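Quick notes on the structure that follows.
Chains here go by letter, A, B, C and D, matching the order in which they are written, and residues are numbered from 1 within each.
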Amino acid sequence: MIAGISIYEILTVTSILFFIGVYGFITRKNLISILMSIELILNASVINFVVINKYLYPDMLQGVYFSIFIIAVAAAETALAVSIIINLYRQIASVEVKDTEIMKY
Amino acid sequence: MDILTLFVIIPVLTIVALVFTKGLKQARLVSMVGSIIQLGMAINLVFAYFKERAINKEIMVFTKDYVWFEQFNIHYTIGVDGISVALLLLTAIIVLAGVFISWKIADLPKEFFISLLVLASGVYGFFISLDLFTMFVFYEIAVIPMYLLIGIWGSGPKEYSAMKLTLMLMGASAVLLVGVLGIYFNSNADGGALTFNILEIAQVNIPFEAQKLFFPLTFVGFAVLGALFPFHTWSPDGHASAPTAVSMLHAGVLMKLGGYGIFRIAMFLLPAGAMHWSWFFIILAAIGVVYGAFGAIRQTDLKYINAYASVSHLGLVLFALMTLNKIAWNGAILQSLSHGLLTALFFALIGMIYGRTHTRDISKLGGMMKILPFIGAIYVITGLAYLGLPGFSGFVAEMNIFVGAFQNPDMFQRILTVLVVSSIVITAVYILRLVGKIMMGPLVTNDCENLPKATWYEKTGILLLLIPIIGMGVAPLWLSDMLLESIQPFIQGVL
Amino acid sequence: MERIIFYILALIMIVFAIASVSSKKMLRSVIYLLFVLCGIAGLYFLIDYNFLAAIQLTVYAGGIIVLIIFSVVLVHHIEMELELAKRSKQILVGLACLIGLGIFLTTIYSHTFNVVENSITTTAEDIGLGLLSYETGGFILPFEVISILLLASMIGAIVIAKGKKLTDKNEPK
Amino acid sequence: MDFTYVILIPLIPLAAFLLLGIFNQKIKPAVSGYIGVAGLSTSAALSFYTAYQYFFIVGKVEGVYQTFVEKTTWMNFTDTLAIDMGILIDPISVMMLIVVSVISLMVHIYSRGYMKGDDGYTRFFAFLGLFSFSMFGLVLATNLFQIYIFWELVGVSSFLLIGYYYTKPSAVAAAKKAFIVTRFADLGFLVGILIIGYYTGTFDFKTLNNPEGSAILNWASTSFIGLSVITWALILIFIGGAGKSAMFPLHIWLPDAMEGPTPVSALIHAATMVVAGVYLVARLFPMYYFVEDGFALNIVAYVGAFSSLFAAIIAITQTDIKRVLAFSTMSQLGYMMLALGVSGYDGHEGVGYMASMFHLFTHAMFKALLFLGAGSVIHAVHSNYLKDMGGLRKYMPITNITFLIAALAISGVFPLSGFWSKDEILVAAFEHNKLIYGVGVFVAGLTAFYMFRLYFGIFWGKDTQYKHAPHESPISMTFPLMILAFISIVGGFIPFSELITPDKAGFEAHLNIPLAIVATIVGLTGIGLAYVFYKKENNMADRFANAFGVFYKWTFNKFYFDEIYIFVTKNIIFNRIAAPIAWFDKKVVDGTMEGIGNKTVVISKKIKGIQSGKVQDYAFGFIAGVVILALVFIYLWTN
């Protein structure tokens, strides 16, 4: 519990973060930037888990566990993504989205 | 095995036999034998029908019913009346003539004959079935091979024409399917179960609102195949690109499916809808008659001329159907038969001329009578029959239509009738222009003086078509009475 | 006091998040993200989840950011300008995000949360026990699954990243 | 009396046609000529036997000629309306049998000489057989529909025979023109039949023509634009008749039809087929007379009178001898129509009807003679034009004399056949309508003038130097000329007023001496003028032509009717109607269909762009979609 801060304010902040992430995900043109936006989105949701756990069900720890798992999965995901990006870069010498449209149609 | 299902079985067996043949000679022999058997059966059916009709006064005779798909109450229901018997005979004649005309087909003969017979089996099936769904299935079977037949064995812009024809017919099928389903889902209006059976639906009073909605769909769905203005444009391109036998079969038989379907389904099952909409479609049909004839005047390709002429003549069929009159309906069926034979004959002759001179452009042809006396003479006879000369089938059909259409005291319909009658003059104009240009007059080129004369198989094919034309024209009474008798139960719905 | 800290943290997070998704310089963008992640860790401290905050700092701020920086350095010149989306697209997406945000917030504010006043401090021990417990409500199975997943992804990452030899045969250029 | 054997009269030529048509290539020309002649001789013999039986043995019951009908159903429409095929024996049909069989036989015989050595000899006789069959069928028809059927068949045989020299473009064009113009007229005929069929419920002549029958009594029951529908039907039927009989303004095909071989012109376009229109009106005469007090009949009279005058004027200036004869035919047909138009029904009132049939008969004989004579001339000099002829009397004595007889007959010189029939017509016109009488007399004068212009131009006039000296035609050609000349001389003494009258009862005809004298004077004046102008080679005719100037030019060009026809067909139908329709079909109707197809392709290409393969675009769609759905579900879908 943060003294003087209601759950609404925290949720507002996470929502803002979430949508900034979404905005970034859609507008950025670089695979790494997109990856970063995904991190933002993930983090925003992780905070929600934690905060709701803390504010509404302080006796339990499920929210915390979930956040840990999410962080773990995010780490794995980032590692994979980075390796894919690097591999891609080797093949086409670019990590721009516009060069990776070969799967369309 | 019942007598009607054989009509579908024989082509299928012929196809199976064809699969094991090698080369042109075997393929055409097998097709010919199969078609001759089919023709024999059709003739046999006519006699059997008369015998059966004498003791059986049902609407349909030789009816059989097998459950096909129980859940939706789809049956394989078959049966014939005088109209289907006549059309089956027509089909058998034209298929056999088509085989003769394709005697020398060069590319992929086996596949060609197989496609032709698939088409034929679809047509046979369509004419014998009494179940909306089965009918629709056969209809599709008949339409689809057209794509292959034109696309592979055609000439000119064949891919384009094949695509256009298939797409427009498929579009019409889609509309038709909606209509058919509409009928199906209203077939329990009297509290019974949903059914596709035509005879059962005919007993049901489908609500007027539904009839009003589904009649145009069903009508247009079939009428596109019958070259209703303004949905006729697939026909000139399709016919021009199609190989001869396919043009014959298509114009001769397949386009008749349209009129027959309208008669059997749209008119019979949705009589109130027909009455409600007749004023509209009769105008379209009348326009089609005159319009097609005028369109034919300006064409320069033999096949285009014939295609537009078909628009005009089949417009007469639709016109007659929409007059909702017994005599005119009789005329419509007669016209279907007559036009089927005539146009097949015309296409056959065009194919022969094209096969010899390698052109269908009338400005490059002239004085053919001198070089090809047999083909020339038959061409002139066919032309004269086409413009409704007495003594040939066209006259009988047209007179029935005109007299029938005139029986309605409605002044509007009378005026349309007079308009439609005037098409006989326009028909004369383009037919005589054609005959005068390509058969008569001086020779246009000299290099065609040694063209081969008509061969025995060409002559056989031609005579096969010509004899029924003259037969119908000289002694129409038995056929006309047979049809009138069969029309009676149908006309009662709309009177 | 905590309130002020929270507001400062929130401001930092939002500002740097925006900077991160709109910066034209790749490396700066990553650094801005680092600030956001740190801010989040600060938030965890504030609500007394110290263990979580530590993980956040080590895994995210420490691991992932470093990984990303590596990849950036590997594939980019440091000072390379990033290409931005079309203005119309930015506005469109921004609008959609704003509307979405509006919906979120109205929904959140129209909902009454059943907040339980407390000041329980969660220790790392509690979390560890809970994670490894195989009684009812225990998380031992997910824990194991995650560990397998991590292993798999690790192997996968290595295989993919060093995949050059595999493609060599097919692409002799 | 059983007249069933009459059916053989048309069937024998049909058999000849089928035989010659199917085995065209296999039959030797000489044999085919014999087959044709033999067939027609049989038909002619049967026709004479029928005539004898009918007129003198069994036809008359209590002073009235009976109508015999033998028929069988050909096609059913409704319980009452049906097309029958059969034979109808009454005075006019029997008379027509005689006319058709005699002329046809003569032409068959003549053609054996005229067509000798032609490629299509067998074909020619086949077509003649077809024509004879159709014409017999037409005159024997029992009902409107049967007459229409044979009417069309006659038209097509005419088409085939005009286009006999099918490699000649002008012949093909003429054949087409003849068929299309008459077909256009037949449109009226057919609509008329439809109207009659609907309102009277029958096509049968016997029922329709019964003066006490419902068809005639109830004519006023329905009206349309001021006239009874039956009157409309009769007018429309008359249009059909006018087409076949080359009445103004549907006459344009007849002069061109002269492209056919000359025997054909004699048979079809002078003696038999062209009188079908007259026959049709005569066949329905009671209807024409009784319905609406003869309104339609008056139209017939005026159209006939006008055509007669119109054609006679044109005939004066033509230089193609066959065309002169063609216009003469048209003029004489107008005469017959006129006579029908001024006729009454009962007793002596029916003199016009009788005269018309009488003139039909005599005209058939002498006009066939004229044509065959002209054919003989053409055969000798190989040209159709007056300028290539002259002084032929020395070379062709038989042709000369027979032609002279025919010319005198058509000019109405006592006592040849033309005098009697023409006199009866003028009597009828005088009693009925003075204006028409005046026209008739004037036309009689013109007829004499142009006919002798022709005669003097061919056989007298300048002495042309021929490359090959012309010689008299063979016996096969001159024999028919002599027979026909004989009939033309004595034909006038047949007591038509006893045999053929509207009420079929017969009456005493008297020669109206004053009118006969007037007619004779007018005719002789015409001959005299022609004698002065054309007997010797001089330039009086040219001076005269120059004096008339524009009028002469118009007449020479047939009042530019061919140009109007070409304008209508080429410019209006072909370019103004057919071309726009073809364009409309290509661009608008087909264009719409094509457009639908093309638009589908274009749209699908557009839609394909949405599937860009960019995850971000998908994500945007996803987010936007979620947002919209959320909005919808939260705010809009609140019950």
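Everything that follows uses one rule, which is that a contact is a pair of C-beta atoms (placed from the backbone, for glycine too) under 8 Å apart; a residue touches a chain by one contact, two chains touch by 3 or more.
Per UniProt, the chains are A = NADH-quinone oxidoreductase subunit K; B = NADH-quinone oxidoreductase subunit M; C = NADH-quinone oxidoreductase subunit J; D = NADH-quinone oxidoreductase subunit L.
Because the structure is a prediction, the values reported are computed rather than measured.
Enquirer: Taking the mean of all protein CA atoms as the centre, name the chain whose own CA mean is closest to it.
Expert: Looking at where each chain's C-alpha mean falls, the closest to the middle is B.
Enquirer: Using CA atom averages as chain centres, what separation in Å is found between subunit B and subunit D?
Expert: 37
Enquirer: With chain centres taken as the means of their Cα atoms, state the distance from subunit A to subunit B in Å.
Expert: Taking the mean C-alpha position of each chain, the two centres sit 68 Å apart.
Enquirer: Need the CA-centroid distance for the pair subunit A / subunit D, whole Å please.
Expert: 98
Enquirer: Report the inter-chain centroid distance for subunit C and subunit D in whole angstrom, where each centroid is the mean of the CA atoms.
Expert: Chain centroid spacing, subunit C to subunit D, equals 103 Å.
Enquirer: So which stretches of subunit A touch two or more other chains?
Expert: Residue numbers touching two or more other chains: 22, 26-28.
Enquirer: Going by the touch rule set out above, which residues of subunit D reach two or more other chains?
Expert: Residues 620, 623 of subunit D touch two or more partner chains.
Enquirer: So which bits of subunit C are touching at least two other chains?
Expert: Residues 93, 97, 100.
Enquirer: Kindly provide every pair of chains that touch.
Expert: Listed in label order, the chain pairs in contact are A-C, A-D, B-D, C-D.
Enquirer: For subunit A, which residues are in contact with subunit D within the complex?
Expert: My answer: residues 22, 25-28, 34, 97, 101-105.
Enquirer: Going by the contact rule set out above, which residues of subunit D touch subunit B in the complex?
Expert: Residues in contact with subunit B: 24-25, 73-78, 81, 83, 145, 148-150, 152-153, 156, 159, 163, 166-169, 172-173, 175-176, 179-180, 183-184, 186-187, 190-191, 194-195, 197-198, 569, 573-574, 577-579, 581-582, 585, 589-590, 592-594, 597.
Enquirer: What part of subunit D is in contact with subunit C in the complex they form?
Expert: Those residues of subunit D that touch subunit C are 620, 623-624, 626-627, 630-631, 634.
Enquirer: Which of the residues in subunit A end up touching subunit C in this complex?
Expert: 1-13, 15-24, 26-30, 32-33, 35-37, 39-40, 43, 46-47, 50-51, 54-59, 61-62, 64-65, 67-69, 71-80, 82-87, 89-91, 95-96
Enquirer: Hey, which residues of subunit B end up touching subunit D in the complex?
Expert: Checking each residue of subunit B against subunit D gives 164, 167-168, 229-234, 291, 294-295, 297-299, 326-327, 367, 369-370, 373, 377, 384, 387-391, 395-396, 399-400, 402-404, 406-407, 417-418, 421-422, 424-425, 428-429, 432-433, 436, 439-443, 475-477, 480-481, 484.
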